[in-house]
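Given below, in the form of structure tokens, are the structures.
You will see two complexes here that share subunit A, one where it goes with subunit B and one where it goes with subunit C.
Let's look at the complex of A and B:
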């Protein structure tokens, strides 16, 4: 039996623009088990990065958590911690890797200085021990001459190397959870393959869970066990990766997968979802947030926001098409897709 | 194929950027961004250049429009070398060669309305009167999927996908023959990317356009192109028809590039070739084959001798010593 590491329940995040509040993450619930590789996939503006920032209490001032809680190890409520208490969590229990490693590293300090900062803050080591630890860590993330890297500055390293340094920094305190926010989006495919491989291997060594945040379904398919699909601040579908790719239910997930899968087949027109992602102002309207772009929209979708319907044991979908338990409606749904 | 009319031919194109240093700013070294590449594009065809960042694919695209003046080489458009044109003559030709950029946020002037943005090229090239121009703008806006009332708005009022539509309209309003698309869909979300790709394919058929498609996204390239060239460190490594390149890649670099694409099928466990290290610095390229430092198949010969870029199969070119024995 797997035990829960992170439990997000009914999380809502609001943004204040001109004294008006807009809801950008809406009642999001998800659970990450120990050693699990969990993915959140969604387009820009879907709220996937905001979710990760709220886990670490790093939301910018205009945003705040308006509802819900985030439990770490079933005991610590991260949304209720003071700033000081949060410092002990960040880097120690939960670490994060960002998309652009150049902006995440300080250009004025050497790599050794920046990694040792994390260690100094969380653990008690002598200088010598610390240096050895950092060298070992750099060796683990695949640097052939770690001693040389110690004295380098970020601008002397390539994008892939900087991301390795970020991974070394994130994992040096052996955190329980590693949040990777688009870790390979800025990198080339061959470097992306290196980095994903490395993250997989290292987190297995350290028994670390991963929360992978990405827009790339391919990255999810390669690295994750479970996946949540987000759209306009709501979690629309959640399932094991195998299940979601084989049997997507929510019209948005279906559309997303279709537009990826039809790539490469020149004989067919690319499947595309019409319209655009809603603006924050449109988010306060009632009803399903995908209704305006959905090809299966019904009257109820425009009036009432659908709850999470259970498709099967490990598959939930937030769509009115599945209100009778999924199975039967699902057939109807598959049929409408084929007849399109 | 019925039309094998070569529209654009690039011959041994080189673009070296000088690295200046010292008080006198003398060029000390050169970054060999594009180092002798050749290819040709047939009429109404889509030719793609793929490669990692820094491989020179964008520089190639820009050199064709002479946005960077090439160091040496030939660019033949309709059989004439456009590098010999005077600035004035070239400007006349420029309406045939248009470009669509990656970032729809920075390539549109925020102070101009869509109408002004689309009017500008028409008036610069003295193509028609203001009145006719307005009709043309409405027609082209309609073609790319912008509503008539939207053309009086400013770029910030549009989403990324719609802005890219404006960029496309701006390039097409002059009725060009060749369009260079530099990472035209890379900044867009998957669902929007699909819309724009469909639009580009439709427009190509309708307006009989020739595309030079520059991208790092191998899936997108596979979808749009007739032929693909793979670049590495300023050189062409392999060139073939799309299906052949994807089903039977010859060069070790192409093989590893294709194997690195994350598969969108979690049940499919494919053999991965993970390359070690990074792309070398183009100001200080390795001796012999540019790829040898990362190549899993590298041998002694690769170190000393640069491989010839040659046709090893029908319309399938590759620069690798492994395929030398065939000849």
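Let's look at the complex of A and C:
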């Protein structure tokens, strides 16, 4: 029996620009189970990072959660916690790893100091115990000479090594959830797979759930069990990874998958979804946010924002094409791609 | 590191050599005649000529230069043309005052500027921040003689204060010394505070925007740790640059403040010696000031490398 670890319900995030508010994450709901590996995928600018930052209340000053709640363990409402209570969650119950390993560590402090901070904030260990814990952790993330790493400064390490340090730091308090916001995007291709494998293995050891944020469906395929597709601040489709890859329904997801497939098959022209992600100002308009780029757009799409339609038990799609359920077949998508 | 320091100290020589030539030439170019200022305008040409000969001013320039610099290299800076006093002891004596004034002012300015700069950065766009920005703008743009005048006026009206005359060393009589120094130090300190405050505020704001601050917050750090252990430490590097420049400049003499408060510091010595064309004193003092300035720079560079592990000197 799976149980829910993190329940995001109707989350909206607004940005204030020149005293005017724009909506950048809109009514997003998703549920992550204990030990689950959950992915969010979408083009850059679709609101993935803002969603993940809202969980730990780390949004920059100009942004704020304007609606919804985020429940941890079904009892703790993260959006309502006091500052002090939130400090207890960060790095302890929920950790986060960011995209840029080169700038994510304080250049003036040793790796030992920076990892030991997490322990100091949340646990009571002696200095000696702490050091041993850090050495063990560095060993687990794949450093062959952990003692040497202790005394290093960030600038002495490569990007891949720094990301390993970030993983060590994130997992040392055995959190319930690890949020990884594009953890491999800035790394060399050869290192990417190693880092993903490492995260997979360690989170399994620790019974930690993963929220993997990425623009890369390959990363989702490699690490996740369930996936949410985001477009322009909305969750447009949600399914198990297998189901999404086999049976994508939302025209945006179909486009994303096709752009990956055409990458694998050099004989076809590279497929990409025409147009750009709308700007926040355009988002305040009503209707489906994908309408301006959708080749299936209907009258209703521009007038009314589609709700989440149920395709089957574990598959939802936010598109008017599915208002009668998941009957719509995919043949003519295939057709539109062939004809490009 | 040590080889670096030694190399930097060795590099002092060419720098000071350049300065010595420069100031020597400048002092020969400026119009005016030391003999005339000493003997007065009604002195006979013979007497003037004799005095110039006594000072060695009739010798070829290069010979004059080598006589002077040769002495300097052995620690003999020569004697004042006007008073006959030995130059180096006089410089060192006055430097004590300038040194004390500089560090007292710097201390006062840090106590004002750094906390206010931090608060302004933390409460960006608040009333405090607004106030700090105005104060620092005033601090940077109001010349310190104007500030000194205002402060003296206020003190004179409120407490019938008048700038004390003369100087007593700190170790001779600490209380008396502080009584003399505190007002000039407050004036200088306040005017230094503007730039430091502004730099503190802007560098902390800049650091708070960095990714690694978000990482520290994500670890569960309290705001106090974010600001004081991480943001301030990172911001110290640009702040140190400003502080180093300020101290270097002040140690070269706080001419106007010394003049207003009639303090016999290095600045006053240079000023009077220039007006009297006392070549030897001016040359010695300028050389000494250049030396101090270079040493302060070296000190700042060493501090950088303590603060920032990315900076290492070989």
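Just so we're on the same page, the second predicted complex is superposed on the first by the 325 of 340 C-alpha atoms of A that agree within 3 Å, B and C clash if a C-alpha of one lies under 4 Å from a C-alpha of the other, contacts with A are read in each partner's own complex, and residues count from 1 in each chain.
Keep in mind that, in the parts below, a contact is a pair of C-beta atoms (placed from the backbone, for glycine too) under 8 Å apart; a residue touches a chain by one contact, two chains touch by 3 or more.
Computed from a prediction, not measured in an experiment: that's the story for all the values here.
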| item | value |
| --- | --- |
| Subunit A residues touched by each partner, larger count belonging to subunit B or subunit C | B |
| Touching partner for A:299 - first (subunit B), second (subunit C), both, neither | neither |
| Touched partner set for A:87, first subunit B, second subunit C, both or neither | second |
| Contacts of A:118 with subunit B and subunit C, given as first, second, both or neither | second |
| Partner chain in contact with A:276 - subunit B first, subunit C second, else both or neither | first |
| Which of subunit B and subunit C A:108 touches, first, second, both or neither | second |
| First, second, both or neither for A:95, with subunit B first and subunit C second | second |
| Overlap of subunit C and subunit B interfaces on subunit A (superposed complexes) | none |
| Residues on subunit A engaged by subunit B in the complex (per definition of touch) | 43-44, 158, 160-161, 188-194, 196-197, 215-219, 221-222, 241-242, 245-246, 255-257, 259-266, 269-274, 276-277 |
| Footprint of subunit C on subunit A - complex, ascending | 56, 58, 87-92, 95-96, 98, 100, 103-109, 117-118, 121-122, 153, 155, 166, 169 |
| Subunit B - residues contacting subunit A, complex | 52-53, 159-162, 189-195, 197-198, 201, 216, 218-220, 222-224, 242, 246, 256-257, 259-267, 272, 274-276, 278-279 |
| Residues of subunit C defined as touching subunit A within the complex | 210-212, 214-222, 225, 230, 233-234, 307-310 |
